[in-house]
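The next part holds the structures, each set out as structure tokens.
Next, two complexes with subunit A in common: one pairs it with subunit B, the other with subunit C.
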Partner chain A sequence: MDKNPNTDFTPGEVAGQKIPLQKFKDLSSSVGKFFREHIEELSRVFVLLIIFLVLIILSPNFVKVANLLNVLRVASLNLILATGMALTMLVSGIDLSIGSVIALSTMMFGQFFQEGRSIPEMVIGIVGILVISAVVGSINGLSVAYVGLPAFIATFAMDQITRGYSYYLSKGIVFARFTEVFQFIGGGYLFGIPMPVIFAALLLLVVGFMLNKTTFGRRIYAVGSNKEAAKYSGINVKQTMVITYMLSALIAGFGGIIYLSRLNAAEANIGLDFPLQAISAAAIGGISFNGGKGNVFGIIAGALLLTLVTNGMNLLGIDSDWQMGFTGLIIIIGVLVDRSYAKKKN
Partner chain B sequence: MSDTILSLENITKAFPGVVALDDVSFDLKKNEVHVLIGENGAGKSTLMKVLTGVYQPDDGKIILHGEEVKISNTKQAQERGIAIIFQEFNLVPNLTVAQNIFLGREPRNKFGLIDMRKLIKESKRLLDFLHSDIDPNAKVSSLGVAHQQLVEVVKALSVNAEILVMDEPTAALSEHEIETLFSIIKSLQENGVSIIYISHRMQELKEVGDRITVLRDGQTIGTRAAEEAELDELIRMMVGREISKVRIREKNTATEKVVLEVKNVSHGDILRNINLKVHEGEIVGLAGLVGSGRTELAQVIYGISKKDSGEILISGQRAGVSPIKSIKRKMGFLSEDRKRYGLSSDLPVKVNITHASLKQLFPSGIVNEKKEHTIAMDYRDQLRIATPDVTRNVVALSGGNQQKVILAKWLCTNSRFIIFDEPTRGIDVGAKEEIHNMINELASQGVGILMISSDLPEIMTMSDRVYVMRDGHIVKELDGYTTSQEEVIAYAVGGRE
Partner chain C sequence: MIEAQNANKKTSYREVISKLPITIILWVVILVLFSLLTDKFMTVSNMMNIIVQVSSGVGIVALASFLAICSTGVDLSLGGTVAAAGMVAGKVLIWDLPVLNAIRDSNPVLLIIIAIVAALIMGLIIGAINGLILSKTKIPAFIITLAMMRVGETLARVIGSGTSIRVKDDMFKFIGGGSLLNVTINERSIGILPISMLILIPLYIIFQILMKHTRFGTYIYAIGGNNEAAVLSGINVDRTRFLVFLINGFLAAIAGVVLASRLASSIASTGLGMEFDGIAAAVVGGAALEGGKSTPLHTLVGAFMIGALRNGLNLIGMQNSIQMITIGLVMAAIVAIDALRSEEK
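Our next item is the complex of A and B:
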């Protein structure tokens, strides 16, 4: 049941629109000053493009609309999780508990989605999952910001605690056979677009707006860039961190609901590798582990890149053991490339 | 007390833009305590770094036991019997006393492992030599400052140091501990160790020293026998230079209204019963040596450190609780450490400028980027921040321009009271003058200013009033227009009470 969100791949499901190749052409036409300012982001787009081309050449199946939509759909869950992860990384933290948070909240509220349940009951379930996630995230934030535990330790401990408790709650029970309405959240389509893709896009819009256009976004970058200077500037560093961890877990819960719905089943060991998948995407996307650096475009590029590569390797029939190795290499290369940009800037 | 064991002859050392040592000569006799004094930046530390091989002199000779030597690193200095104890100790807190003493030079047994028994025995022997009862097995972190210093001394002795340099050894010690240190110095002297003793404290010089040499602006001003030296003369030698600069601030614009009032504030051993006032439109200089508690006072006023007792009022309202509260009371703070406390270097200039006034500027929580950009551009023009555009990251700016960005941040909050901690440290001459003019301009607009500075001419040419701090006390309040450098230094070093 615990599938890797990047290898969950079933080709040829749906027919849709043409490929948005035009997007890339538009980008390259308005280069100039824009290019110099956004060289980092553009380099990622460039890498994506290369992988894209390689896959087109290597595998005739790749450019099929069905496959491309599937790539997007598969990428969307990790995209959601990576967005939450990126927030904690922006305040120079990390959140290793996102998978277990999903497991725990699911074990507590999964029954509300099973066949025969009414819509109000499902709403209770969804709200319940989000609330539990937010509470766990807040505790993470409190122990990092106020108790002063290293984020790695605090969230890893929380991961163990919540995972253990969800095993205890489940007693081996598997929730399955969800109502059709609930299944639509993760499995449905709107105008031919998979629902998870729509949800991911909405989330990215909201988070992108928050990071770039709100004072809270300013606070996140300030805290991640220099905690001491932020404190001296009258920014409530601890509060900012607590809210950030809360948001990370809340977003994980949101992703969890979608995942649950798409799988149409849930057990206590879901999402074991979610944190690492999310960290990989964020890291490849240029979210710095030192905090204060990175944006939503990077997250999108990172998650897409990771999924594309996996998808490509699947199409090429590369053994899954080798795939893991490749993924690791890509993470290292991505981070190294980032670092060289950072050096050049200074 | 005759034979010279060390002489530094005509040492010159230049760094880009500044001659740190200019033809300096200095000698040390056997069994002697030779005191080296001078203001911050006079060249004492540089001279000692030349002696211990940290820096290579551009010109001049080091003569040890009558032979010219080249010392290319601290290890070579050690091998030649020269050891230095810095103000900041070089001890590993989680290791034991014995482990620290022989760190990196542990005695080995025949298996190549550390010979613990010998390690302890040797440490004990050295500690006994100084009549100390410190347990060689105690962790260094469990020791007080004085005992830690003693461990440093023992460490130096363990390499058979003949020449021991002590940089401000009493800075962190209490009265009683200082006495212990002096008796240790006596017994070192009796055992053939010569000591170069760097200090600012006037009273102790005559007690501990045999000779006193004064450095100023990288030059040797003179050497006196400790017995004959007069404090007033030493102070004159230290300050010496005439202020050629005219006062930057000509007219006192202070009003009757008090903007900052500090009443009986104490903070551990660092600040003791501090009282001071700053009026609107007034520039108050806070002078004192490094370590006298000036920066700590600033941090307590700003609410970064918690005071133990006393009261801090900004515009008559309680403050000193947190930076958030201080900013609400219209206070700004430019720290001496710009990179660490002042700036988010990886973020754009405009973002840095609005950091302290996000709530004020954008009460809805949504950033109006056009407004932010306009504000930042206005400050760029007003303060002449040299950057083609405000979306550039702060890290690309020079020190002077970075300081202006921080100033813009505090103007953006409409500060009515600003602390400048070393406002022009590490800033080039041109930008320095600009910043002085800006501070002056702010005061004439009614902003109250507390200016901490180690740059005496800055204090002398800018302040309406001057407070002098020493050892956590405010020892004197002086009129900025009539006081002299000698007077300020005399209070700062304790030459006058």
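Our next item is the complex of A and C:
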């Protein structure tokens, strides 16, 4: 059926010009579309707001600036670790070795930060930690991508190996009393903002840009969504995976430096709980275990949510024995409300 | 002709070798190596030591890990369940309640039975929650069981109102530490029929039969092999997954009771890392993390391999740190060899 060109426009639209009602309809439908497309992010923001409100009502100390800055400062470490973890999860992997990587690299270079050491020595130490982390991450990536080990096993074995090696190196030694310059990295303030928060924000900016605006970021999503399809569309899947695992460990090392500096000590058993914390934050933030799904906003929401809950429990004076269990329950609830895991009924 | 036949023989011989699980080969290597390195290794008392250590620790957890992995999903809550269930048993044994005190005085065996049943119920509850969530949603087992691990550990601490409970009941201690038959070698009494082994071995036999000869086992392999296909062929995937995690809670509770009994105390941190040891044993035994592979018996071999390796490394006086490195390397190597072999095929 031939269409009359003269009638080929929707009613209410005259010669390309929209009347105000139509404009409003367009606007409302695009707002609706925005809500529909971002329902997951919005639901996370909503949950955060609820927790925020509950904490405000329950504890008058919560909204004090000092406490809020403290929440951000504590959240920033988990935020950094979760960002690295999220990268491996985006390529449908996992990295259980991030805590031990931190322990190993700090056992090797912790002495460079102790009192009496010069600034160049400190820089060598920092670079050393980052290099060791990157090397360990690359080995993880190589054994997952090229040898074909499941990520879980490869990084768990690596966790045991690096943890064992850091115990071997330490022989019970604790590096403590770092120089003031080094302590500034994790304990200092810039314009009233804690340094870890600034570092975490910078890292999120860089990773967010990488994931959304660079080809490498698109490759990560492609590999995570469908390895075969990515391969046939000309992506070097194995190389992408190796670089991703390297980045994950590198980011862990970066977080480790900040952690050390704030702790003002380094010992072989630090970071035992880091992988699980980071995985929890990423999972609550909607980073899919199957790969290819999730973004930095989710990571922020996940890490903030976990920290807020811990902070709230501290403010309310909840016994530390109970806290771990409550965190577990919050993780379960956090994932349960995530719509993307809902089962479709046929 | 003859040459061809010989060639045939050779290939079939090589096939047999290539079909042998790498674990068994490595197991033999470990046994031979350690008996050469130290004469303390290949003794009856040390062998029984290994058996008791494995039976009352990672052995049962490894079976549960295998079930979870086989139906696609790791179970990280096992260690927490072990701790919580062990603590429940300990708590019932020492709890200062009028009812329990009366039973303690009149019928100590009944009290032990109550303690064990309570522990098993604890395990079943944790398993049921896992199973319920994991069968009703698409949430990966990893994250839910990770959270339940924390819940389990918290329960253990709260129930024990502290970190540990000492159990003094000799009859209860017999479960994990006792033996039905003792022999005297070099003036030392050695139990050669430990109760813990008599619990472990039947469990593995039951599950071997369950996995290989019942519909339930077939379903588990089918789900692990190809979830979509399992759904399409009419298998009740949800119910099977629920049952797997329910059974896992039960098994972990048994492990908790046996372990608390052997250590003569319930300790909240006792399960820390046990789930990972269990996964290591299952994977070393040949379970692929994608599911649908391996059998309970292979898992048992894996558990004993890791047990023998730990024990041997201890006996030759290797530091703990180097032991961690060695076990990590062995695990990676075994799985790598398996991965490369399956790639060849």
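In this text, the second predicted complex is superposed on the first by the 305 of 346 C-alpha atoms of A that agree within 3 Å, B and C clash if a C-alpha of one lies under 4 Å from a C-alpha of the other, contacts with A are read in each partner's own complex, and residues count from 1 in each chain.
Keep this in mind: a contact is a pair of C-beta atoms (placed from the backbone, for glycine too) under 8 Å apart; a residue touches a chain by one contact, two chains touch by 3 or more.
What you see is a predicted model; the values in this text were computed from it and never measured.
In this superposed model built on subunit A, subunit B and subunit C occupy separate space and fit side by side. In the superposed pair of complexes, A:234 makes contact with subunit B only, with no contact to subunit C.
With both structures placed on the common chain, the touch criterion links A:58 to neither subunit B nor subunit C.
In the superposition on chain A, contact of A:218 is made with subunit B only, not with subunit C. Shared-chain residue A:292: touches subunit B; no touch with subunit C.
Legend: residue contacts after superposition of the two complexes on their common chain; A:226 is shown touching subunit B, with no touch to subunit C.
When subunit B and subunit C are set side by side, the one touching more residues of subunit A is C. For the three-chain overlay built from the shared chain A, the minimum Cα spacing from subunit B to subunit C equals 5 Å. Touched by subunit B in one complex and by subunit C in the other is not one residue of subunit A. Across the complex, subunit C is touched by residues 94, 143, 147-150, 152-154, 156-161, 163-168, 276, 279-280, 283, 289-290, 321-329, 331-332, 335-336, 338, 341-343 of subunit A. Residues 212-219, 221-222, 225-226, 228-236, 292-293, 345-346 of subunit A are the ones that touch subunit B when the two sit in their complex. Note for the complex: subunit C touches subunit A at residues 74, 133, 136-140, 142-144, 146-151, 153-155, 157-158, 276, 279-280, 283, 288-290, 319-329, 331-332, 335-336, 339-340, 343. Across the interface of their complex, subunit A is touched by residues 302, 304, 323-324, 326-327, 333, 335, 340-347, 351, 354-356, 358-359, 362, 365-367, 369, 393, 395, 409 of subunit B.
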